[in-house]
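Lettered A, B, C and D in written order, each chain numbered from 1.
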Amino acid sequence: MPSATRSYWLIVLPALLMLVALYLVPLANVLVISVTDPRPGLGNYGLLFTSSSVQKALLTTLRIAAITTLLALLLGYLVAYAMRAASTQKQRLMLFCVLLPFWISVLVRSFAWIALLGTQGPVNAFLVGSGLIAEPLALVRNETGVLIGMVHVMLPYAILTLYANMRGIDAGLVAAARSLGASRLQAFRMVFLPLTRPGLIGAGTLVFILSLGFYVTPALLGGGKVLMIAEYVAVQINDTLRWGLGTMLAATLMIAVLGALWALSRVVDVKRLFGA
Amino acid sequence: MSAVRFIDVRKSYDGKVDAVRALNLDVADGEFLTLLGPSGSGKTTTLTMLAGFEQPTEGSIFIGAEDITRVPVEKRGIGMVFQNYALFPNMTVGENIAFPLKVRGLARAEIAEKVGRALAMVRLEGLADRRTLQLSGGQQQRVAVARALVFEPRLVLLDEPLGALDRQLREQMQYELKHLHERLGVTMVYVTHDQIEAMTMSDRVAVFNTGELRQIAEPRRLYEQPESLFVAQFLGESNALPGTLGDTGVVTLPGGERVLATAVAGKGAVTLVVRPEKVALGAAAALCANCFPATLLEVSFLGDQLRLRLAALGREDFIVKLANAAGQGTLEPGTAIQVGWRVEDCRALGH
Amino acid sequence: MPSATRSYWLIVLPALLMLVALYLVPLANVLVISVTDPRPGLGNYGLLFTSSSVQKALLTTLRIAAITTLLALLLGYLVAYAMRAASTQKQRLMLFCVLLPFWISVLVRSFAWIALLGTQGPVNAFLVGSGLIAEPLALVRNETGVLIGMVHVMLPYAILTLYANMRGIDAGLVAAARSLGASRLQAFRMVFLPLTRPGLIGAGTLVFILSLGFYVTPALLGGGKVLMIAEYVAVQINDTLRWGLGTMLAATLMIAVLGALWALSRVVDVKRLFGA
Amino acid sequence: MSAVRFIDVRKSYDGKVDAVRALNLDVADGEFLTLLGPSGSGKTTTLTMLAGFEQPTEGSIFIGAEDITRVPVEKRGIGMVFQNYALFPNMTVGENIAFPLKVRGLARAEIAEKVGRALAMVRLEGLADRRTLQLSGGQQQRVAVARALVFEPRLVLLDEPLGALDRQLREQMQYELKHLHERLGVTMVYVTHDQIEAMTMSDRVAVFNTGELRQIAEPRRLYEQPESLFVAQFLGESNALPGTLGDTGVVTLPGGERVLATAVAGKGAVTLVVRPEKVALGAAAALCANCFPATLLEVSFLGDQLRLRLAALGREDFIVKLANAAGQGTLEPGTAIQVGWRVEDCRALGH
């Protein structure tokens, strides 16, 4: 079968090379710059321990990513559970709502939130008009706004991951638990919830990692006041042209992401989780 | 007193078509009753209502003296074995079997003892700490049975529990389940679409079709004395010959042949049913009340049986089955031979 | 079953309401602003036909989206086909390369390309150093750069969609075609290629729609010189505060996206395509 | 001259384990040969090598006088029917059947004529413009057969083509395929793991196990004169009794009973094989060369057969099968009864 082997490599090799060139080379280059600019060495990485502005951005990023993850998991679990219980028609409507964000520009959606939540926006107008509050609430250009926007962007990822996990759970298991004498609540707590653990872990990791590196939503809804890592990187590279610091933070982000993925792969079967 | 009683039960999912209608069914205490039928016949709906996953649209269901029509699933105290076993993958074998005891709040020591006995009962001693996914199909099936029996339910339901097993294991498990039933004496209601399984295992078989209970009887009676063409054809192979029933049990076939039959229907159009294994050939045929000339067309060798196709009574698909017993003579296609059968092996069924 | 119905609605209703509030209300608000600011009416939409700068942005967007789609489909088909043919181990490596971008911030990847392709970057350094060219090539801050970046971002979507489609094709069909007397090429042309048509249509629509609304990559790799709709919207709203014009363009984008999705749903079974 | 010949063929996928080894096999011209065996026995690998999807590691394969060992799939001119039919979903029924003619560059009119004839052959006239997904399982199967036959191949391979059909349709298609083979006279090589299917349809059956051809013979001969315990047990049910073969064909069982058997093995440890349907009961047993006392333990009713479990020869699992024929007497568990069988129905097989 030498001819079959040859034609196999003729197909697979170019594709492999292209993937490496497109995806690994640029990232490797970032790593290289982070230890060579402005001078060779680990000096840039030292800033992680010495620069208070870097540390503040890191802490803000971790805090927002963590809160976003918690909220997205909580709301996502509710929605995914409801989707599983819903009729086919309602399932389709919910899936449409969940998939919609993927099709519509993140930028457009961020501006939509600014318009909705701004001091002049309909939400504040309604609250003030109905007499519930006297002064408009500050819902954007602060951490509240960033969190609303982030949860909005991340929720579909959480829902889809949890829903895929829940769909894989045999409905017969809850029925079996009931027939063996368990109440609704017991069946949920002892059978269903433990079986969604891989989904919770997977969705949590996914949302947390994506939140760490998100740029558009925090930049727009934070109004420059809530500086997360990605925006910090953009400022360093675009405005102050400090490539070394920018790439160091980008590299740190990448390493953190890969580390988190590796940790995840120890706990659950990642491939099965995403149906790959 | 019967263990289970369905009284005038009707079930419709969509308000238009009845999945089950006019169902009156008694299950005797300690009986092994099988609900048999093709898919969509209502057998599974009947089981589902008895388990409590669905409520009847009309009518009532009793277990013993208690009306359980509106009692929720978990309060019915029925053990159930599902088609795919429905073992909890997040628990070990032992935890699975302990589940019904745990939710009933039994003490830890009592649970351990009962689980141990249940494991011994299904011959899985020593596997309590295995994960369920590490078990073979037959072992998973046994765990499911142990879990359904461990809390000593008054009634056990089995929903095609052998459907996922291969032929050989399936036959073995049939005998295991049957012996378990004989030993424990618990009432069992079993659902299957496999007629051989139903006949081998059951005390009685209830045959369903299009939402109706068509006949309920002991296996042999059902097979040899079917009351409708559906039952005759669903259980085993038969020669079905349309004809006209006249007086005194004589059926006239389209070709003018007259057959003496056991009349189940009234006069008029009927279908004669003759089981292929009840037909005698050659000299033995001449001794039967019904005897006709035939020509052998084809012999199929099935191992333990020979299946003959003959031209007889104006048809080319008259089937006769012979055991491949010792000293069976040779059979050459083309040979002229007589076929015959007794009056009691030939039933004239209405439409 | 009134109690079962009630508990069903207790679960499904809040989830449905939340989805509508989070996903439909902000977008509806954008539509409202686009016909009310600065004054009620369709005046903003008139600019689509009169303003040459709007038309130029629209044309640039359509051109880049179309070229990106073509390139992503071409390269994606090659990679997906190779993945299908590859051994499990190589498949895993390729899947890792393809999924990597989803985990790493788009912003980081955009800067990685700028660093790699810039006049001082390793690519130009190599080309000049090896004597292939005399002057460094302009690979970023122009349409070339935007296209490289866009293809890089979009390729995974194309690959995954095509791969999902190809995996659903029974390998036995090509074998059957061969056994019936077809050469390799005939089997591909007459059996395999026609069966990947839904995948090509799906991947094409997905990439085209996502490209239309993309912001970060064109903004960074275009260096302000290649103005696509999303960046145009950002400039209107952030810098010149022309909310009416910005939301009109955002609304136009949304309507175009929904229209394209509707057209797609006429041609192929969208749900089946994405395994939903 | 034989239609197909395998000469010393060995196939190893990983260079360690042989999927097929030392295979020498002749298929006669016009024969219906079935390759039968459990999964992993090498039957499918054999078919795959004959089709050309895999090449043998060693040895050669001939079709007629031509060595096709290295000929690519599409040049072999073999028609093949796949387990899942492998119909092209992007083509209509007619286009599917036309496919092998189109790639051979036949003229449009000739294609239309041949497709028409092929459709008539499988009784699907008028369905040429249907999409394949609109067809029932049986119809899809017929399209696959028509497509494999339309270009008049010298050889047709069928890879478990009935595996996806339900029991009733499957039996019907068995007879259809068999009659098609009789009418066309084309050589067919068929793969299955279903022994009844193999015995019903084939001129000869080749039994495979763990990569080796164990026995090849006509179905009846294979069933009644197996040369190994594997073949005896894979085809149908048997009573297998371990014992020791002495001189003059007498086998001594562990309990001391002496059984007269047809010796296939040399002296020493053997397994006696007796088919359940060859065992006579009562008075008939006393007339047999081998006759032993037994006690009836259990009667299972299978419809056309009765399956008896007896205690005999120191075992509690001696099985006897009886046809449920006319005038069968009653059988009560607990009854003492004699079992007997002839020398020619009892084979002593080596290990």
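Following the convention adopted for this analysis, a residue touches a chain if its C-beta (ideal position, glycine included) is under 8 Å from a C-beta of that chain, and two chains touch if they have at least 3 such contacts.
As the structure is a computational prediction, the values presented were derived from the model and not from experiment.
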Centre-to-centre distance between chain B and chain A (centres being mean Cα positions), rounded to whole Å: 54
Approximate Å spacing (C-alpha centroids) for the pair chain B, chain D: 28
Contact graph of the chains (line, ring, star, complete, other): ring
Complete list of chain pairs which touch one another: A-B, A-C, B-D, C-D
Partner chain A, residues of chain B touching it in the complex: 51-53, 72-74, 76-80, 82, 84, 86, 88-90, 99-100, 102-104, 147-148, 151
Interfacial residue positions of chain C with respect to chain D in the complex: 170, 172-173, 175-183, 186, 190-191, 194-195
Interfacial residue positions of chain A with respect to chain C in the complex: 7-8, 11-12, 14-16, 18-20, 22-27, 29-30, 33, 75, 78-79, 81-83, 85-86, 90, 92-95, 97-109, 111-116, 121-122, 152, 155, 184, 209-210, 212-216, 220, 230, 233-234, 237-238, 243, 246-247, 250, 253-254, 257-258, 261, 271, 275-276
Sites on chain B touched by chain D in the complex: 195-196, 199-200, 219-220, 223, 235-237, 275-280, 288, 300-305, 307, 321-327, 341-342, 345
